[in-house]
């Protein structure tokens, strides 16, 4: 079980976020769900790079080669991903604010301008 | 020479950063000239690199050359298709910047260069995506491209539809990008590599003689979901009409002209480099998946395109229909198909950007892009009328436009009944554009009746993008579409251009086979046939409107485009499942 | 890794504190939820300190430092911007607050004892001080720290 | 219509879930030992005297990704500035002073410098210990907003010349790009870390251009977050619509 | 032993994510998201990624909740002034 649990948790988080996104009645809530979706990618990437009994590849307080280390590449990827997530959240929230002003609502069910 | 490749990204980004840094001190004209110069310099760089792209260049950013075949750096690819896309992106950005010359009424206070800076960042992002040879790097530039595109789409914050369309765009594309990242994570777990070529080799090595397994299928589905969302394939396409109909016209030119096509390019690149080996997805499954989705896309979007009255939305659906045709073309996995699609994309970019530019003229002159209310009002705009009609004929594939050459080559490559899809989809979408031309610019036919008002977006009562309604159309707004159409024409008639494109595409992929590209009699006849069909459809719609009103069976189809972001997300999940199901047989069989 | 008391303690701290905080933050009136959000910091920050000790990586203390700094800031954000929702049911969970502060103090003292004097210990003490002060102040803010805030 | 969405969601979600679970079962077990790229990255980091391998990957081996990342931040902040600009039918209201309990105010004012210093520390030690430009930049920028929490919006506005932050955001991006282009000018590759000496392992000046790129990112992130929050705060606190619009 | 702490952190993450989706009011969701951010930071620590954990703390514990709460406040304040204007108009 242990050897797939982290991956399953990542998949679960992604699908949960998608469910929330699809059924949301409030656009701010939807953006929050999108952030949840994204956190699944962090979990997956870091789980992929983990190694049993290893430690972080940061050698400020560790002699190189004294202990096995986990994969640094996925950590760098996740860092990039977190920045992307935060900025996308901010940008989408800015759009939601404008929707609230122009449409007077943040309920996607009431946004009925673009169709057909 | 290959050291210059990353500058395709760095130069526009540096231009954007400097514009923001000093933009509020510059007069507006200086900011615009800066943008023009930077964009032009990038275009020149892309063209120079393109001319030197045989044999294909490879650059390891940061000088991390592979040691014993292994590198820790990021690889950037400078082959014909990559640099060709970068050049196309840059030239079209240049055209869009020229079109928007002194265009928006008031740039945000204290941020005079903001629009130009965002356009430059968009250009840099698209160039970066085009030349990416590393899967994660492709994701990063994919996101940069998306983020700038969201901001540009919602640029007119006074417009309620614009901000809604931008948000839909943002949510659906971000979700697609996260799916793509999950796929990248799975591929990294299997192969421990990020460079596309190395991942492909890793998959083959891991599969041994066993063929692909569920993990390969899942990563294929997830990565392609991200790319197909960008390419707006059915059922991932819902965001596109909502976003393209509301974005500022210069942005539409880029979105429809190249960004969507970059999604198709991404599919081609990723399949060819990562999944084409024995450990990847078998060719038959890819063909089944892409041809099915592509045909569905072309058919759905052609029908939807026909029933639009909002002119920009109509053009957006025509983009979706043509993307479907591109997907079919690359889906058959033949060198001729790749060459044809490459030419088709180049020709389509010119024609579609020109059509959007003309729609922008209508918007700024009359404050409306509604076919019904504009009926006969634009008789005075003779030049624009001619351009719009020529664009429609080019879209239909009238020889010798570039679109026609590309379409003819692709049709020959796909062969069989799929040819009918090409003829029908291009005829219907071009017929709709011709119908608009006849009604709006010539005032032909009776004034159409409004119907189904709960099912459609009208396009009347829009805010113009310029300072007030234009009384006179500036020269830039007619010169730019004219030049774009001329370029699309030149693609078809330029001696040897087709062969040049074909050679550089085949050198980069297509298994080394080399196809030659030239006009053939069946190709010309098919092009003439679809043009004739388009003219007939357009004429019929204008003279006998009740023959071509929406039939009842089209209503559910139109109702699907509900403007509700939750629906679109549900469709995205559904699309991923369908994609998985279409590619499943090969995995089960292996 | 053999049985490691530090990691065991961290697991208990994380499991117990985290679950309780999560339960508190998803149920009940708004006021109680914010209190629970504040308690998350007090539960997770000691866990981070214990983990750093358990893994033998002093560098991980930076995480606890950042959480001790930013956790209360997050709570202050909620206390400030949820002003209206908190009206009426002003939470005053002083018992809980001081229990959490006591827990933090014990953990910091234990980790300090294991580290021994030096720069690392100074850092740990700073973390402890920030954590306890932040926790108490955030509780204070929740029980009426921003009474007069309207337009600002 | 709503029912259709739920059906799609159920079918699509189930299909995708099945696919993902099947993929998870095919993944190499959690905690496995095979990380070829990771092992190479650690080796490369040590040859370039960078103690924090993640910093080496971020600012040296895959610095081109970080360029994309900071451009995303830059573009998103520019996008937010554009999207949250004052529209034609809006005006600015003077924010009202807030009444904050004294202990809270005192805490905020004491923690503010501590947080700023911590932010700078996290940035400065990026190539040695966990942390780096991004993490430290966010902390430093958030620290500034303790003024809003501890006092009121007017106090924050006084110490926050927005134009300066916007300019420094853009200049930091330019610095990163120019440092990258220096490699091309020197005849090597874009973002090549071969121009400066690598220094002594585990000291602040080790790693060649890594500390410089790290500092540029730190400056960019701190300025960008300040600008971002300023735009949201303006919306939440100052900008009001004209009544009856 | 290190497996146990990873399992606990993973389960907490999954539970927080579920809770964040289930809270339909954005202000309450923001509270859960801030908890999710902190829990993720701990998960990253036990997965031996302190750099990522720091990043997640900086973003998840303070920045994202602040952005969401400011948006909520703006949307609510807008609703209030509009209601007031509507009342004025009715009077």
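Read from first to last, the chains carry the letters A, B, C, D and E; within each, the first residue is number 1.
Keep this in mind: a contact is a pair of C-beta atoms (placed from the backbone, for glycine too) under 8 Å apart; a residue touches a chain by one contact, two chains touch by 3 or more.
Values in this document were obtained by computation on a predicted structure and should not be read as measured data.
When the partners of chain A are compared with those of chain D, the chains appearing in both lists are B, C, E. The chain with its Cα centroid farthest from the Cα centroid of chain A is B. Taking each chain's centre as the mean of its CA atoms, B is the chain most distant from chain D. For this structure, the chains sharing the highest number of C-beta contacts are B-D.
Among the chains present, the centre nearest to the common Cα mean is that of A. Rounded to a whole number, the gap between the C-alpha centres of chain B and chain D is 31 angstrom.
The distance from the centre of chain D to the centre of chain E, each centre being the mean of the chain's C-alpha atoms, comes to 18 Å. Work out the mean CA point of chain A and of chain E, and you get 12 Å between them.
Under the contact definition stated at the top, the residues of chain D that touch 2 or more other chains are 5-6, 9, 13, 16, 20, 23, 25, 27, 35, 37-38, 41, 52, 54, 57, 62, 65, 68-69, 72, 76, 79-80, 83, 87, 122, 129-132, 134-135, 139, 142, 145, 228, 232, 235-236, 241. Contacts with at least two other chains are made by residues 2, 5-6, 14, 18-19, 22-24, 31, 40, 47-50, 52-53, 55-56, 58, 60-61, 69-70, 73-75, 77, 79-80, 83-84, 87-88, 90-91, 93, 95-98, 101 of chain A. Counting partners per residue, chain E has 2, 22-23, 30, 48, 50-51, 53-55, 57-59, 62-63, 66-67, 70-74, 78 as the residues that reach two or more other chains. Per the contact rule defined earlier, chains pair up in contact as A-B, A-C, A-D, A-E, B-D, C-D, C-E, D-E. Across the complex, chain D is touched by residues 59-60, 62-63, 65-66, 69-70, 72-73, 76-77, 80-81, 130, 133-134, 137, 140-141, 144-152 of chain C. Those residues of chain D whose C-beta lies close enough to touch chain C in the complex are 93, 95-101, 103-104, 107-108, 111, 114-115, 118, 122, 129-131, 135, 139, 142-143, 145-146, 149-150, 152-154, 236-237. Across the complex, chain E meets chain D through its residues 50-51, 53-55, 57-59, 62-63, 66-67, 70-71, 73-74, 77-78, 81, 85, 88-89.
Contact residues on chain B toward chain D in their complex (touch as defined above): 3-7, 9-10, 13-14, 16-22, 24, 59-64, 70-74, 76, 108-111, 114-115, 117-118, 121, 124-125, 128, 136-137, 140-141, 143-144, 147-148, 150-152, 154-155, 157-158, 163, 182, 186, 188-190, 192-194, 213-215, 217-219, 221, 559, 562, 564, 566-567, 570-578, 580-581.
The residues of chain D lying in touch with chain A in their complex are 5-6, 9, 13, 16-17, 20-21, 23-25, 27, 29-33, 35, 37-38, 41-42, 45-46, 51-54, 56-58, 62, 65-66, 68-70, 72-73, 76-77, 79-80, 83-84, 87, 125, 128-130, 132, 134, 201-202, 228, 231-232, 235, 241.
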